[in-house]
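Take a look at the following structure, please.
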Amino acid sequence: MAVRAAVAGASGYAGGELLRLLLAHPEVEIGALTGNSNAGQTLGALQPHLLPLAGRVLQETTPEVLAGHDVVFLALPHGQSAAVAEQLGPDVLVIDMGADFRLADAAAWEGFYGSPHAGTWPYGLPELPGARAALEGSKRVAVPGCYPTAVSLALFPAYAAGLAEPEAVIVAASGTSGAGKAPKPHLLGSEVMGSMSPYGVGGGHRHTPEITQNLSAAAGGPVSVSFTPTLAPMPRGILATCSAKATDGVTAESLRAAYEKAFADEPFVHLLPEDQWPATASVYGSNAVQVQVAHDTAAGRIIVISAIDNLTKGTAGGAVQSMNIALGLDETTGLTTIGVAP
Amino acid sequence: MAVRAAVAGASGYAGGELLRLLLAHPEVEIGALTGNSNAGQTLGALQPHLLPLAGRVLQETTPEVLAGHDVVFLALPHGQSAAVAEQLGPDVLVIDMGADFRLADAAAWEGFYGSPHAGTWPYGLPELPGARAALEGSKRVAVPGCYPTAVSLALFPAYAAGLAEPEAVIVAASGTSGAGKAPKPHLLGSEVMGSMSPYGVGGGHRHTPEITQNLSAAAGGPVSVSFTPTLAPMPRGILATCSAKATDGVTAESLRAAYEKAFADEPFVHLLPEDQWPATASVYGSNAVQVQVAHDTAAGRIIVISAIDNLTKGTAGGAVQSMNIALGLDETTGLTTIGVAP
Amino acid sequence: MAVRAAVAGASGYAGGELLRLLLAHPEVEIGALTGNSNAGQTLGALQPHLLPLAGRVLQETTPEVLAGHDVVFLALPHGQSAAVAEQLGPDVLVIDMGADFRLADAAAWEGFYGSPHAGTWPYGLPELPGARAALEGSKRVAVPGCYPTAVSLALFPAYAAGLAEPEAVIVAASGTSGAGKAPKPHLLGSEVMGSMSPYGVGGGHRHTPEITQNLSAAAGGPVSVSFTPTLAPMPRGILATCSAKATDGVTAESLRAAYEKAFADEPFVHLLPEDQWPATASVYGSNAVQVQVAHDTAAGRIIVISAIDNLTKGTAGGAVQSMNIALGLDETTGLTTIGVAP
Amino acid sequence: MAVRAAVAGASGYAGGELLRLLLAHPEVEIGALTGNSNAGQTLGALQPHLLPLAGRVLQETTPEVLAGHDVVFLALPHGQSAAVAEQLGPDVLVIDMGADFRLADAAAWEGFYGSPHAGTWPYGLPELPGARAALEGSKRVAVPGCYPTAVSLALFPAYAAGLAEPEAVIVAASGTSGAGKAPKPHLLGSEVMGSMSPYGVGGGHRHTPEITQNLSAAAGGPVSVSFTPTLAPMPRGILATCSAKATDGVTAESLRAAYEKAFADEPFVHLLPEDQWPATASVYGSNAVQVQVAHDTAAGRIIVISAIDNLTKGTAGGAVQSMNIALGLDETTGLTTIGVAP
């Protein structure tokens, strides 16, 4: 019996990627597709790469349209999910791809998003300690942000194993799809091709408190986070370069052992062989995470680098993975670790 | 019972794309992988996006290694397939992704490739008139070149329906993976990013006789072909802009009707709605072909534009599609019309 | 004594490129800069690459602001130049970088632009027969479109020498800056990187009548033009692939001789050595035009390929070159044939 | 009286960029051009963007060929400069664009480069404390590496002013031209477009000791450096994200004041207005450095981000700037702070 899924926000990049994955998911039947400003248009005009859905027409995002599904994915602007979720009833699995329910700290939410905190849902990054169990059977899931996915998976094993001092420094490069489909001058192809540029520098990016939350939980105490995101001239992908001072006694061997152990049973996280480094091209369109670690003895730091596809593992793939767990399906159903390269 | 497949030439772009598709093919079990200069290396080092095969080691391309498979794919340099194919026996399905067996005209072969003509095998572009039937049950398949795939699918309906004068003018842009993985200065990222450039101008490209062969067959008489390939700053994709003088009496309606009819039952060729034009991004990683037609009444020409992924429908996807037909499987098994975008 | 120049429309790509060139022009002093929707902003925020002008503030485009200059450049949306030009007086050199005064055929203007025809000014492509003389001392210049620049320079020698039949087929690829700086969804970096796509197919592009006008003038009779523009994943550059049936008796030698003769004294047009083909990267940021010709004897066609920078020779460089001629300065002042590569 | 300049290594990216700048330098006459493996070829074939030099033929790199010039630029592989320099005589200005004479610490040189240390020359980064004076009248100049240029200019003011703890963490993204023109598989366009990847992680990059040397000099004591370079999908540009713990009492105001003071008289370093961040596109082809600073009070760190063109200010522009100083010319002669954008 198929799982019937609706997607609210089907015209954007997150919604499009989700539909790409759901079309390949053997247990899912795609139901209602909504998109407010684009309601009435065909998906063929908005997502021309999704040929099997080309004739589908977007509807308004209303409780009536979203009713009657087993799963409802919300790919809405930040702050709009709570109102929609309330109307869906407790038995529907609601998977929020926005930020509304990611943070436990109401003050952090309000400081970074400027609106009242809506609550906290089980967090859709099953690789984190305890996260998988919280997702099993849950009817509500908060899908992590793309940067927090890349960064948290890179650093949590070091913090969980006590190998890193609680001051993390992170510089991450993201493809432009992370900035969404709303046209803005600085996102024009003419502007981004050939250019690297930072934004949200100095702690201002909204993903900072989410990263802090995850690393602090892994460390069992507060971790301070210096996070600098940069925009890279590519459509997809995140490369996160993460480092912290090594605690006393850390060696290259103990560092690697901690990561081997942390990811030994993970289907999507791949610690690369010692001489190989992650590249975003290798995870293009896949749900895989590539990770590599190094111990810089001269600087006394551990460096961990991860690569993900921001739209797949960083958004829609993480959402499908969480859905699988919540519904009791095999976690890897409909997902792949095979990238599209070159 | 699984189809056991070997891939000779697994380290290049065609071989890598083929493996990406075979990994997702429910009827195929991946057997021997070979690559002469890279024999002994792991696939993880050469094709880091194919995580499930990361530990596989490349072997030498020998008859012994390739023995015992149901299907052998040859992704070898032009001119090397015949010698390998001879040793494989008549009961093995051999699918040549090189040029060796594409041309019926021995003189054209020798003029463009400079070596003796090896023969002619059933042509792996099932959408062409008569091609599908020739592939059914065949033990030998010559996979078309990437440009001939894009161009022939764009123009054969016009020639088959008598709508175009027999002088075709084609300008096509290809992503850099079409030029292969052997490092050459003009293919460096520093050179190709930000640059469009032509090559093989004036009839010199090796795909010209193959296009001529296909269009002449569709027209039932000789078609002259002016073909100019250009290198575009993107990894994948072909956009083929094809035109010819319209024959007397052609109208926009008759033109469109001919294309609707030609592609009505084709699972992979998609004639776009009238106001929409192909884009290579929409077929990234998919086996789909997007086509659109126009009748320029002022210039008296029909213009047909097609977009494919040169590595998928243009090479490895075409190979898998042909394998499915040759083996009696559903033609679409393991293939998708869903692109990875943006 | 410096030439004092104002730029109306300084916030867009054409205006920015013009300022880049004027800053390097030894005879020009940059005066008023205007931009309606951006009036009041600093140029540093809008054109951060023009550091020497970072503190300049954009003004409204009014006759008062534009008064008191020797030259006024109009980089305005199509259809807005005539009203501004009228108010500038007959003694000011007005250089229109828009389309308003390019076409001699009022019906063609009205058909393609949908507004009344404003008139015809001397055409700022001095390499065309007779054009240079018309520019000398002129107080009004219509700068050509970027595609017409690339295409007309590629084909006029063949038409002027009677080497080509009067049916030209042109496919050109342009960088995204040709589409301007106004944010539109299909121009987002996420959409254009990795993608080639056509637009204005079938004769619909506004540059078609301008190309037709130029080639017909060179041929001394009507030339029909099939023109297909495509959007390429790069910020700048046009590669124009142009062909036509060769007239009787054309040889590779006669073709090359005609082009050598046509460009022998041209400072900016460079016929490449016989084994070398144009690449847009080679003319990045320069006013040079690279051209190469071929005679395809099998198809009976001549193929001419040109590469320009759409913003430099295709817009702002052409404007400065025309200004130099109109003012009696050396034509090459402030311009270069040196590209920025790789 | 013109300065006569020879360039050894004119076929590579550094040599090509140097020639681009020298062609625009009013005091320089370009003399001998050499390139060993390419000797005998025309520059037009190797550097097709340098049209004015298209007919020049490369010669062998011999003392005879290099004799008779006022300045000799060495754009040779690391380790080859010393032998050539020895033969040039003490009165010739020799500007080494390789690494041979950058490091004062012979052990660091031998550890990172694996060959005997050749010596230490005045360092061609005039913005560093004391550097300009050492260059004046010097006959030998060691041009800095591209990363050290970007990083040292970003961080030296903080260390010189005592605002940063002596543990710097740097993540930098570079365009592919930084990796040179020798064709290698991982530098193919197919591989780099759409991909971000790190290399030399954990302190292994050869620019690490050079950065350490510069920052330690500014701090007046040892600074440890964690440096991670990444390869970005663009031809040119470096974006360096640099941070360190703030010392006690640092404020956003004191931080900004230190940078304003450090760069107040620098013609090429531009501290951006407070709300604007560097982008590599803005310095494309220019000798400018864009810098911005932030104080992250939550993380207790200062973050400084700089953008340069790795080939211009990072290599050839730095070389010309140093030449100007050494020869007593105006430091900015032949150089620009105007980028080519978009």
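Miscellaneous remarks
Order of writing sets the labels: A, B, C and D. Residues in every chain begin at 1.
The definition used in the following text is that a contact is a pair of C-beta atoms (placed from the backbone, for glycine too) under 8 Å apart; a residue touches a chain by one contact, two chains touch by 3 or more.
From a predicted model like this one, the values you see are computed outputs, not experimental measurements.
Interface comparison, C-D versus A-D: the higher count of C-beta contacts falls to A-D. A repeat of the B-D interface exists among B-C, A-B or A-C; more than half of the contact pairs are identical by residue number at A-C. Among the remaining chains, the Cα-based centre furthest from that of subunit B is the centre of D. Chain centres here are Cα averages; for subunit A and subunit D they lie 37 Å apart. Each of residues 13, 175, 177, 181, 188, 190-191, 193-194, 233-236, 279, 281-282, 284, 342 in subunit B touches at least two other chains. Note for the complex: subunit D touches subunit C at residues 13, 16, 20, 23-24, 44-45, 47-52, 54, 177, 181, 193-194, 235-236, 270, 272-273, 276, 279, 281-286, 288, 290, 336-342.
Residues 13, 175-177, 179, 181, 183-185, 187-194, 233-235 of subunit C are the ones touching subunit A in the complex.
Contact residues on subunit B toward subunit C in their complex (touch as defined above): 167, 169, 171, 173, 175, 188, 190-191, 193-199, 201-203, 208, 224-226, 228, 230, 232-237, 239, 241, 243, 245, 277-282, 284, 292, 294-301, 303, 305, 307, 342.
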